[in-house]
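Pasting in a structure now, in structure tokens, and then I'll have a few things to ask.
Chains: A, B and C, in written order; residue numbering restarts at 1 for each.
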Amino acid sequence: MTFIEFLKTYGPQLANGSVTTVMQTLLAAGLAILIALIAGLMRLSHSRLIYGAATVYIEVFRGTSLLVQLYWIFFVLPLFGLSLEKFTAGFIAVGMNLGAYGAELVRGGILSVPKGQWEAATALSMSPAKMMRRIIFPQAFLNMLPPWGNLLIELLKGTALVALISVADLMFVARKINGVTYLSAQAFGTALIIYYLMSRGLITPFMRWLEGVMTRKLGKA
Amino acid sequence: MFDWRWEFVGDILPRLLKATGNTLLAALLGYGIAVVLGLILALAQRTHYPLLNRTVREFVEFIRSTPLVLQIFFVFYVGPQFGIMLSPWTAGMIAIGLHYASYLSEVYRAGIDSVPMGQWEAATSLSLSAARTYSRIIIPQAIPTAFAGMGNYLVGIFKDTPMLSVIGVAELMHTANAIGSEHYRFLEPYTLVGLIFLAISLPTAGALRKAEGKIRENMGLR
Amino acid sequence: MRPPTGDYPLRLEDEHIPMVRFQNVTKRYGDLVVLDSLDLDVEEGEMVTIIGPSGSGKTTVLRMLMALEMIDDGVIYLEGEPMTHMVKNGTLIRADKKYLRRQRLNIGMCFQHFNLFPHMTALENCIEAPIQVLGLSKTEAVERARDLLDMVGLLEKSDEHPSRLSGGQKQRVAIARSLAMRPKVMLFDEVTSALDPEVIGEVTQVIRKLVDKHNLTMLMVTHQMGFAREISDRVCFFYDGKIEEQGAPEQLFENPERERTQQFLSAVLEAT
């Protein structure tokens, strides 16, 4: 079987798997961004309780493996009465894990805004909420974009693990094809290339574009 | 519903702790490979052969952009297709070592790049040889920056070892899966695995942070 | 949150009330005493300049008045009302954030490094707080901002972002931004120290205009002795967190009484 034949035969399956991977990535990214914003802001709180809660969350999710978290959410949570469908369990695990890493980026991004900006806003009597929303966050956002690009690639890679709880993503399809054909180089190799194209062909250019837009918008160009 | 059995924990804990040894071994072996190979990948990108630079650069990018678990499968299954049989351990160490070598090569590069241009110029103005410039001026200043990244990836490789379970390396996750399917109980094994990971990675990360501070202090930076 | 030690009035009720009063104000960073029981009154419309060696607490005076940091002892009054504290149940307690925000409305501050908001144009910098804090309509705020940008000579730069402006231009926008809040007191914290020598003039020109045409109360920290001398009603020489000597500029610059003042002035003159 030539590689062309291989693609002709298994292309549709691989395409389906890729769509699932993209869906997992988008949903997990949405969740990760939400969690990162909340936990990141909580980490800047003066309240010990709020700060502590966010710290525990971040340390637990960064201190253990994504795979362990995924299995725990899928196999153990049902024992607590919370059964998640495998597709849902997949992106929730990935989103919660990467959200913990993202929280530190949010915190770091906000702290990277120079002290003078906070002081100038204070001197203008701005309320903390307005200060954060109108002065600090727009600047923090731009600072955060490059590391978020890397984080989203990690997130895409992380979604490959959902195959292990039988979500039919790209990784899952590649394994299935390998099991049927024993054409390992073709099956796994093609999947690797598709992941690479998603990372460097979609995520990286998108983040660059976003950075360019924000830079122009913030007048730094 | 919530049914935590301590005696079951007592039964399986020795098995899990034994597997922890394998997990640590896998992490350290993989890291050892990554540290050396990473240096080679980093230096290869600083040579004056554009083709070599470019190839290595693309290779590193490729490895960093694709899932480790897929790379593990690839290494493990592609060998036999061409008549090379690799044991799970060998395949796993190659895959994880190579994956983290790519990350570490970036850490080394960033470390070297973090040394200000003026340091190179000062070394040049003092007519120091290239070897001496690297060994006495650049590398010592690159270490504090690189150390933080190297530490992060040491903890990172440790946390990625559960992926080796997919090809049958008998580390923690693999053992927990086995226990789970033998006893039809997943609560204790998976929770214990999580706790063991926390118990190792949190103190290690803390110790590394402290060590990093010490290094900076000792070098009179900061 | 301990109350200030000693007797402090809940508000100043003398016949004559200064615009700003520092009463027994102390500020420490750890063991380091930056302001040591400072007493200082600034009258309405007065231009007071603070000079002194670095580390003498000059800038701290302004930062304490703007309540960017909290004082450790004493009380600062603004128009007779406590600024750092507020009255509750007949005693003075530490001002809360809301009270501080309201009191800060009376004060404008310009910083050494401008601290313009980089993601906003010059005009947007000047209308941000008037709209968001004072609740002005956009039309009103823009009109006010354009007048001020015109006054500082930068109307044509209204739509530029700070990254496109020179240091002198940035500082002039910063002055306009502060004035847009219509403060009663303006603070200038080494506003020319970060500037290239050739653009210092355009900033001092604006400050001079303010002194001539507006009845603003101003406190200025500067290293420019010539400018201080020309423009101030009073000059305070700070040393070690205290006012070592103060007086009219001619007197302080020409006949300083204290030895430290003489040493400082001769050292500074030597350098220029």
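Please note the rule applied: contacts are C-beta pairs under 8 Å (C-beta built on N, C-alpha and C of every residue); 3 or more make two chains touch, one makes a residue touch a chain.
Small disclaimer: the values here were computed from a predicted structure and weren't measured.
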item	value
Category of the chain touch graph - line, ring, star, complete, other	line
A-B against A-C, pair bridged by the larger set of C-beta contacts	A-B
Identifier of the chain whose CA centre is least distant from the whole-structure CA centre	A
Whole-Å gap between the CA centroids of chain B and chain C	54
Centre-of-Cα separation between chain B and chain A, whole angstrom	20
Whole-Å separation of chain centres (CA-atom averages), chain A against chain C	46
Of chain C, residues touching chain A in the complex	66, 68, 97, 101-102, 104-105, 107-109, 111, 113-121, 128-129, 132-133, 161-164, 177-178, 181
Chain A residues touching chain C - in the complex, by the definition given at the top	114, 116-117, 119-128, 130, 134-135, 138-139, 142, 217-220
For the chain B and chain A complex, residues of the former touching the latter	1-3, 61-62, 64-71, 73-74, 77-78, 80-82, 159-163, 165-166, 173, 176, 180, 186-187, 190-191, 193-194, 197-198, 201-202, 205
Chain B partner contacts - residues on chain A that touch it in the complex	59-60, 62-69, 71-72, 75-76, 79-81, 153, 156-158, 160-161, 163-164, 171, 174-175, 178, 182-185, 188-189, 191-192, 195-196, 199-200
